[in-house]
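Structures follow.
Okay, so chain A shows up in both of these, paired with chain B first and chain C after.
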Partner chain A sequence: MRIFGLSFKVIKTLLTTQYAYMLEYRIEIALWALSGVLPFIMFSLWSQNDVGNSFGLNDIGLARYFLSAFLVRQFSVVWVVFSFEEDSLSGRLSPYLLQPLHPLFRYVASHLAEQATRLPFAIAIAITFFILNPSSFWLPSLPQLFLAYLSTHFAFTIAFLLQSLVAALCFWTEKSSALERLIFVPYLFLSGLLVPLSAFPPNVLKVAMLTPFPYLINFPAKILSGMPVDIFNGFLAQILWISILVPSVNILWKLGVKRYTAMGA
Partner chain B sequence: MHNNPSDLIVVDQLSKYYRVANKQPGFKGTLKHFFDRKTYHVPAVTDISFKISPGEVVGFLGANGAGKTTLLKMMCGLIHPTTGLVDVAGFSPQRRQTDFLKEITLVMGQKQQLIWDLPPMDSLYVNAAVYGLSDHEAKVRINELAEMLELGEELTRPVRKLSLGQRMKSEILAALLHKPSVLFLDEPTLGLDVNAQARVRSFLSEYNKRTGATILLTSHYMADITALCPRVICIHKGKLFYDGDLDSLANSLSPSREVKVELKNPCASEQFEKYGEIQDLNDRFVCLLVSRDKLTDVVSNLLTDFDIIDLEISDPPIDQLIGELFIKGEVN
Partner chain C sequence: MRRYFKTIRLFWSTAFASQLEYQLNFLIELLAMLGTLLGSVFILSLFFTGGRQLGDWTWESALVIQGVYTFLDGLTNALLRPNLTEIVNYVREGTLDYVLLKPIDSQFWLSVNKFSFAGLPEIILGLSIVFWAAIQSGSSFSIYSLFVFIISLLIGFIILYSVWFLIAASSIWFVKTWNATEVLRALLAAGRYPISAYPIILRFIFTLVLPVAFLTTFPAEAILGELKFNILFFGLILSSLFFIFSRLFWKFALKHYTSASS
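On to the complex of A and B.
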């Protein structure tokens, strides 16, 4: 059995090794999980000012949306550009480039392993949230949960590919993490992390929906929280973005590798 | 360059230029560097050609920045040449085809592929999976190499807890797990103590004998080169200026030999001037530099003219000769 050209054994070994590696850093991961509380801050801000109503959401709807946004963020957060830049500048990338495994698969494995490590912390934070806001408690149906799980993985894939595109610029600029800011700012405003996209004026919303960002948080969070959402078009847009980004990363990578100078190695 | 089927590696008129930008010191220099950055091409390797046969152990010699590591990186496919051709085992290295990658390995002193916080064994099993080794093959191979490298429980201890020598040996084990037939070793003994260096050298020599693998090695330690490499390729300022056996290099570099004499009684330095160049004179010990063509006559005359307890003839140390060579930048 092969997935993306990788044997099951390679996938299993990479994931278990990376999981073992992540467990060495469990305290750090707990802190990282806690550091993703921005949706909760936004929730308390909007609910206190009673702005939620203008978004078409009551307090309970707002609470469920931001808890869902937090959970989606936990399992779609990506940092490949920073790891890649460090490996590229320190020369650690060199042995990876000389092995019959695309180096990006190692970063995918480390992200997935980290997501598995985050899971108990994310559940604990969700339970705490329900204890503090008992009225917002809900259990999504199984189909809802499955679709939210799938769309979150697609969101992770889009975010990973977007950052890999920027990471590949390391072959040209050496400091591509600075360029990551160009993605982070629109991500922050257009993904639905600060405010549900339904709060945007219609024209702004139209433009936002042409970018990949609403499909990173807003779309999966709406499915999970049970808000009305166009599931078919949402998944279609996610698949479209993935099919645009995969060849783009591939082409940029191939061009970039020719320029690699193996600095520090 | 005509390729012979017996050549494993063919390097033909290979050149590599790097683009660099210089920055002048101070605030003015910083502003100029920011707004009007001037870049230019620096030649790292220029027009180098040579061939290597299967099973050869070849040492690359050169001062820092001579271009030997750049050459090694082009041969293993890590960087693309600016011009020229490289052929390794019938492959173009920069294409990094899977079959090619399974044939080669690169070990870089002080650079690691092992996962820092996990025991080497975890990284070894990742490598085994990546190279398509079965669990049984991986186990047999790890045991075999661990025995040769004198590694035991170190393989189950986190890498960060290992000494530099243990780490380097584990790195070598990881790099050789897939039975590569061409080894590119860039300073594999860098930073190791004398004993650890000797163990790595003896392992590489044994590995070459057992498997017939081709080894290409750069090192700043002459002991690595003299112990392992019958053939050396010297590079100076990106250009090849010697390719041949180490003994011939020593002969061409130094047409003289050292004659060390222990006398029964002290003698004045003037008494030795006619025999050769006096390198050292200390009480009853004399060291002379004598040209090779006069060596037999000089030794015979010394034994006749003086009361001698001991006499020793040797080549000047090779590292001293190579050092002089890099300063001069040419071979006589």
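On to the complex of A and C.
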């Protein structure tokens, strides 16, 4: 039994070593978790100014949405382009390329391990949020939780593939992390991290839905918070984006490796 | 004093020469800046749908705040980020030794030795928005209101610089402070909106604990001619305290510096 061409033994080793590595950086990871407070700042603005009413959203619904957006972001955040750029410029990539394992899998494992380390901090922040806003407390039903879990993983996959595309550009230019800003800016405004997308004017919403960004936060967060959402089409779009991005990353990577000059080695 | 100005001129002209090599970077920064501005104005506009106001600020006056935020963000990208995020590397690689040996104040050297010109368009655009939106909201400038505006911007920048420097200086003990700056950046984003739009507890925190209000809301009130004199006075004291504290903290941190790899 193999998954993505990897045996269980390889997967287990990758995940356990990366998890052990991440446990060393618990304080840093707690700070990363804290740096995701943006949805809470936005929530305080929305509820204080009673903006939700204009869009048919009540305070409890908004509180749940923004908490869900925070949680989805915690488990779909990606930084592969930064690790990759560092490894590429320092020459650490060369031994990785020699191994019979695609280097990207190593980064996938480190992201998953980091998510596991993050879990207790994210739960602590969620509990604090409920203590401050007790009326917003809710427990999603099991199917809801399962679908939200699945769509968050898909969201992570899309975000990871998008950044891998940019990371692969490292083979051509030394500063591809600067290019990451060009993905981050539309992500920030179109993903639903700052406002639920249902508050967008219809024509802006139409354009936004053509990009992958709403499926990174808005879609999973709506499932988790129990807002009405088209589950079938949402998952379809997520799978569609993944099936477009996987071959693109593959092709760009193969072209790039041929140009690899082993900097710093 | 003249020596310091001359040093800055030398620093920044070499920075300019070396950045001409990365013109593509400049273009990317420009695109990212325009995208960010477009996005934030769009999000802001959502708060005003249906003729609402945001914490008794009108649409035009709220745009003044966006302008001040863009201006300070430009200064952060041009000056604070390139310089202060480097301190960690000096500590980790032990090259801080060389900085300390230089016959010039080390905090000065560390704070100004780089300048990223990609931040300039943001600075200019930010100021243009401030003046355009202030005229739109019907404010008539006087020498006095311009003077108060410049003073309050200075207050805001000194506070911003001191907080950044405090975090950067703590890298003497904790080598990884990159994450702490991310937390700071996330909290500073609250400055995109007027302070009166927040719940009472956050208003208190953003005025006294992490004085975001002094960064954007108060300079915007200054150019609109609405800033109370006692707030300006309080800001002067607060920013001096922040700056003095950052200096004392740096001196204290240096006593604990043990150097690396030497």
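We adopt the following convention: the second predicted complex is superposed on the first by the 265 of 265 C-alpha atoms of A that agree within 3 Å, B and C clash if a C-alpha of one lies under 4 Å from a C-alpha of the other, contacts with A are read in each partner's own complex, and residues count from 1 in each chain.
We adopt the following convention: a contact is a pair of C-beta atoms (placed from the backbone, for glycine too) under 8 Å apart; a residue touches a chain by one contact, two chains touch by 3 or more.
Keep in mind it's a predicted model, so treat the numbers as computed, not measured.
Undergrad: After lining up the shared chain so the two structures overlap, which partner does A:244 touch, if you call chain B first and chain C second: first, second, both or neither?
TA: Neither partner.
Undergrad: Name the contact category of A:178: first (chain B only), second (chain C only), both, or neither.
TA: A:178 contacts chain C only, not chain B.
Undergrad: Check whether A:28 is in contact with chain B, with chain C, with both or with neither, and answer first, second, both or neither.
TA: Once the two structures are laid over each other on A, A:28 reaches chain C alone.
Undergrad: A:204 in the overlay: touching chain B, chain C, both, or neither? Say first, second, both or neither.
TA: In the superposition, A:204 touches chain C alone.
Undergrad: With the two structures laid over each other on chain A, which partner does A:119 touch: chain B (first), chain C (second), both, or neither?
TA: Once the two structures are laid over each other on A, A:119 reaches no partner at all.
Undergrad: Who does A:145 touch here: chain B (first), chain C (second), both, or neither?
TA: A:145: touches no partner chain.
Undergrad: Of the partners chain B and chain C, which touch A:188 in the superposed model: first, second, both, neither?
TA: second
Undergrad: Can you pull the chain A residues that chain B and chain C both touch?
TA: 25
Undergrad: What residues on chain C touch chain A, complex-wise?
TA: 22, 24-25, 28-29, 31-32, 35-36, 39-40, 42-43, 46-47, 49-50, 52, 54-55, 176, 179-180, 182-183, 185-187, 189-190, 193, 197-199, 202
Undergrad: Of all residues in chain A, which touch chain C in the complex?
TA: 25, 28, 31-32, 34-38, 41, 44-45, 47-49, 51, 54-55, 173, 175, 178-179, 181-182, 184-186, 188-189, 194-195, 199-200, 204
Undergrad: Which of the residues in chain B come into contact with chain A in the complex?
TA: For this pair, the touching residues of chain B are 18, 73, 76-80, 94, 96, 98, 101-102, 104-106, 108, 111-113, 115, 117-118, 122-123, 125-132, 175.
Undergrad: In the complex of these two chains, what residues of chain A are touching chain B?
TA: 7, 9-10, 12-14, 17, 20-21, 24-25, 91-92, 94-101, 258-262, 264-265
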